[in-house]
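Next, two complexes with subunit A in common: one pairs it with subunit B, the other with subunit C.
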Partner chain A sequence: MTSIIIISILPIVLLYLGLYKAQKALLPVAVLGLLAALVTSVLQWTILDEAQPIYNGMLLYNNFSVAFSVISIISTILILLLSKGYFEKISNHIAEYYAIILFSLAGIIVMVSYHNLTMMFIGIEIMSVSLYILAGIRKNDFASNEAALKYFLMGAFSTGFLLFGIALIYGATGTFDIDGIRDWLLNSPRKIDPLFYTGVMLIIVGLCFKVGAAPFHFWTPDVYEGAPSLITLFMSTVVKVAGFAAFLRLFSACFLPIAQFWTPVLLVITIITLFVGNITALYQQSFKRMMAFSSISHAGYLMFAIVAIGAASANAIFMYATAYSIASIIAFGGLILVRQQTGTDGFEGFNGLANKNPFLALVLTVAMLSLAGIPLTAGFIGKFYMFSGALSQYRIWLVIVAVVNAIISIFYYFRVIVAMYFRNADREQVEVPAYYKFVLGFSALATILVGVYPTVISGLIK
Partner chain B sequence: MTVSILLFLPVVAAVLTLFFKNEVAKHAALFFALVELGLAISFVTGFVPNASIQYLVDLPWIPQFGIYFSAGIDGISMVMVLLTTVLVPLIILSTYEHQYKNGKALYALILFMQAGLLTVFTALDGFLFYVGWEAALIPIYFICALWGGENRIRVNIKFFIYTFAGSLFMLVAIIYLYLQTPSKLYDIHSFYELSLSLKQQNWIFWGFFIAFAIKMPIFPFHTWQPDTYTEAPTAGTMMLSGIMLKMGIYGVIRWLIPNAPNAFAYWGYYALILSVIGIVYGSVIAFRQKDGKRLVAYSSIAHVGLIAAGIFAWSVQGVQGAMIQMISHGINVVGMFFIWDIISRRLGTRDISLMGGIAKVAPKFSIAFLIIVLGTVALPLTNGFVGEFLLLKGVYNYTIVFAAVAGLTIIFGAVYMLRMYKNVMQGELNELTATFTDIKGSERLVLGIICALIIIIGVYPQPLLHLSEASVTNLIQTVSAKFTATKF
Partner chain C sequence: MESLTSTIQAVPLNHYIFLSAIIFSIGVMGVLLRRNAIVIFMSVELMLNSVNLLLTAFSVYRGDAAGQVFVFFIMALAAAEVAVGLAIIVMIYRNTNSIDINVLNRLKW
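Coming up: the complex of A and B.
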């Protein structure tokens, strides 16, 4: 549990560093602190997964939490490394950036390790409030302001739903503890109070909003497009993954006994999410917007693990989330570099990239193949786990819908590859700083390593 | 010695090739491909031609999902391995006259693709099979799209989506089979031991069938093929038509029919009809083509249709005919595309109507062309004859009507192939063809080897047939024992 404490203190340290104008120290201190949190988190991993709830049953830091903390912390480290030289260009208040991202991360760690609905709510709120600020941090930029306002209004609304749901469930069961609620469900009289079902529905609405699942996705494209690219990256990877971890934890540990009630609801949401994300992504002319919509469709794939809930669900979400996060980091890293040179977010900015920047084109190709779910990349393993899970519950039609969507997604992911390799354009070489080389190269290698030999990480959660 | 050397060597070779200079890369690639061929030959000499699986490798890969890196070679695989390892060096050698921009990448992709193909042909694990299947697709997409003709972007995205769509349905079928196995394994033998209901088998059948039918391609799933073949660089066309489409045929023999025997007994008849339609359709359209490369592409649909028909007839003659015809078709079609590569490189066009009289200025070329044409039209004592004879016999035993229709391919094939030869090589020289120079150097070597193979296999096919005979017989017996539904 030391990692939560480290991650909570770290941003305060960073704020003081900013106060004393030690801007050069910000990134090293943040990264070192996160590495320390990473190590303390990994040390909590136990073979038998026999962790007990701590802090009066508020948190349960089991292997599930370790795995999701690790992927969240690693993604954050990679994102921070990409931010070298990025925030300086768009704002004078660099320390705040680092601090707020880390505050958000602290909320995320709570979200993946809560054992009590109040803690879940607190985690989500710590994360969200930080994000409202981050989305609007380019104070003089119109789109950034719009993004922040939209996100805040919609987010506050959905928080209301979530909180109302939690309150109704408390009203029905008399407890916030997720084991307590489950026991109540198992031992409850023949008929469960309608209050409880209403609460579950409201929680589904609140969580679907947070993970950007259709039809609660309308904020995503504008917010993702308006926010600075690195913040978009943070939102579409770490935040989304944490949202799903929280989602899964609640539904697998707590609401499992009434699965026949919420499964049809989530099934419909899943299918809508897949189609909305994919088909809209198909028509985008901007790479960034394409990534925004495709992230909706990835939310759809991640929902698979919850719809077909079972013993392997946690592992499936973890694999998929890892693959998706790493590939997104490459994609956005590449986008930032290309944008700096060409000034556009569109696909045409990538034209002819392979001639001048073979390395950049190669890692972006790996990322696109992984997002499209082509074998020998991590993305395929993620999809494979999801399909296996759904088929094992005999949801054949769901899998066929997913297959159709996987085919659609080829069109827009391959547009990037086509632009980079097969279209010619007069362009200068894009300069790739050393930090970027490291992050992009590391992510591409990890994508292939996990794709070829997934056993390296699939044993983390039993 | 296990098959893993055979699978990993091309991967290592592909990576190493990238470190050479562009001018030297082709020599390096050829060297690696020849080493691979040497390995394959040593595998053949040590191979005991019975039905057992040899050179087995079985390592845990994702054990908690029952996935093992499990591969081995039986008679059927041996023939496919031989086909791949013989053709790849020939294909590399046939590119020697081209100056490809960034050539080392091309050769690395060819070698990487070889690894994927060999994985498909030797995999004994459903997951490994799927991974190999896709690992062969990615390189060929890049080969065709990077070094292809004008319409390469549109054509290749169509090709990729077509094949990827098919293979995803196959993946679903494979996962479904895995979930049915009692011990939760992707192992092919535990798939074979399942006894599923006819309804379940129908799903499995269609999942696999779509993937394989697109790959081969069988009518009406062929629409990607002529465009892709025409737009691809010659090396890509050769890899596609010579080796890659055999993945589909091999898949039918190894994965489709044994895993869904009853569904096959029910649907096999319709699959056979589609194959026969493909034969006639391919031939008729080939007849009308002016572009030589396109003509060969359509003729390939016809030839593959016959191979598929022989397999769907499911008898020892039919399948054995398919085995040897896969080799023959691979050699012939690579020869044919090389011929057109030479012509288009020299004359700058592939339009048959603009040509004539080349035989007068290029006698060596004309002999090689003639031998390849004769092999393609299945003249006795050429390699095409052995296969087509066995295939037709297999179809004949099934129904005489189909054999009669399928037999038309021999006549049709002779008509359009000989007509093509006549228009290109004979008649009067014109201004364009007078500039044609005879083959030399690496071209002569490639065509010489191809012609030699055509005649050797045509005269003495026994060793090849012997390689796969025991495995084919065994497979057909085990599967036929499972048929419960009545045949039509």
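Coming up: the complex of A and C.
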């Protein structure tokens, strides 16, 4: 709980540092503050998972929240380390960028620990409003402007759906409390208000917009392509993971008694998301846009845990989200470096990278293998947990569809590897700063470690 | 205060629900059909305000204050969104001299 307070105060401290021109202190202070938040968060972990709601039932900081806070904070630290020297190119006032990223993270921590629909709404909005700003930080770049406006209009639009759903559920049940709504469902199994069903549908629409699941995904590729790469990285890892944590928390703790009503809807959304994400990614010529579509398809895999909801869902989403986040950090870190040299987001920028930069090519290969779900990487373990969860509920067709999609995805991930190792191009060596070396090396090691010994993190949530 | 509550309750709850749903639908159609960023933005506000109306009506009918507190949160959020949203629209206007969203086609949909 202290971690939310630390992460909320930290950006204000950073803004003061920016005011007094202490540019050099920004990154160390941000990282140290986040490490403090990480420690306080880990200390909340309990073996029996016996946390109680606090602040009049507004927040519940249980093991689920601890696990997702930890992965969000660690990803943010890695992303901030990649930002060394990145924001300076955009403007002189870099304290604001760090502050807004951390405000967004505060919203994310609320999203993964809410116990009341009010807090869910507030968490989502603290996160989104910060991201609207972040998407547009290149003020003179037209693509960035366009991304900001599209993200803003679509985000506000989806908030409307989410809110209308919450209002209808409040009308039917008379409470915003998650346990209160679940008890209401359990006590009135025969005559559930049609208002309630409409409310659940609208909430699904609103949340699917936020996590970028088809058919509500159309803003994702444009926004991801237009926003600065580092912000795209933040949006496609931390934000997406938090969105799914909020999604899962709502549906597993609250709407579980009427699972037979919403499972078919989410099943259709999952299958559409998988096909749309993977097949469109095949045709992309830009690495960044390919990663945007790949993030849509990963949203499809993450939906598996909600479709096959059960005791293991939280763990499955956690494993998958960890694997996906660290692999994406490597991929975007590599993209930022390659783009600085070649000035292009396309696949051709990676041609012949292995000759001059064996280390960069190796970690990017690990990331692509992990995203494609090849064994001995974390991505395989994530997919394994997802598919075994679905199989345990006898959703065999769903798993077959997902495996077909995993095979399709190998094509476009391997294009990068082929470009790096088998295409020749005259190029200079890409300079890899020490911060990047640390982040990329750490992420690649973590990917392989989790792939070989998944038990190091799989026991965090029971 | 009593008289206000009884005045609100003089209209059946269904009417509030229908009215909110109609205003919400007008907002949705506005977002989908209009091409001017400011008008789209106003339509979004219409959606949020229909939710406010609905929450207030439910809150009065149930005699529960939580719904009205939620309305305050929505209003605060709407204010924050106006601040950020108008700033983004001004930024676009400076670069393109237009707020028609059809000029936003550099990135393919």
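Things to note:
By definition in this document, the second predicted complex is superposed on the first by the 461 of 462 C-alpha atoms of A that agree within 3 Å, B and C clash if a C-alpha of one lies under 4 Å from a C-alpha of the other, contacts with A are read in each partner's own complex, and residues count from 1 in each chain.
Operating definition for what follows: a residue touches a chain if its C-beta (ideal position, glycine included) is under 8 Å from a C-beta of that chain, and two chains touch if they have at least 3 such contacts.
Every value quoted in this text rests on a predicted model; they were computed, and no experiment measured them.
Once chain A of one complex is fitted onto chain A of the other, the partner contacts of A:Ser392 are limited to subunit B, with no touch recorded for subunit C.
In the superposition on chain A, no contact is made by A:Tyr301 with either subunit B or subunit C.
Applying the stated contact rule after C-alpha superposition, one finds that A:Asp222 touches subunit C and leaves subunit B untouched. Once the two complexes are laid over each other on the shared chain, residue contacts for A:Phe142 go to subunit C alone; subunit B is not touched. Judged by the touch definition given at the top, the superposed model places A:Gly174 against subunit C, while subunit B stays out of reach.
In the superposition on chain A, the chain among subunit B and subunit C reaching more residues of subunit A is C. Of the two partner chains placed around the shared chain by superposition, subunit C is the only one that A:Lys150 touches, whereas subunit B remains out of contact.
Contacts of A:Phe422 after superposition on the shared chain: subunit B is touched, whereas subunit C is not.
In the superposition on chain A, no residue of subunit A contacts both subunit B and subunit C. Of all residues in subunit A, those touching subunit C in their complex are 118, 121-122, 125, 129, 132-133, 136, 139-140, 142-143, 145-150, 152-153, 156-157, 159-160, 163-164, 166-168, 170-171, 174-176, 195, 218, 221-222, 225-226. By the touch rule above, subunit C contacts subunit A in their complex via residues 17, 20, 24, 27-28, 31, 37, 40-41, 44, 47-48, 50-51, 54-55, 58, 62, 64, 66-67, 69-70, 73-74, 77, 80-81, 84-85, 87-89, 91-92, 95-96, 101, 104, 106-109.
Interface residues of subunit B, counted against subunit A in their complex, comprise 60-65, 130-131, 134-135, 138, 142, 145-146, 152-153, 157, 160-161, 164-165, 168-169, 171-172, 175-176, 178-179, 203. The part of subunit A that touches subunit B in the complex is made up of residues 369, 374-376, 380, 384, 387-388, 391-392, 396, 399-400, 403, 406-407, 410-411, 414, 418, 421-423, 453-455, 458-459.
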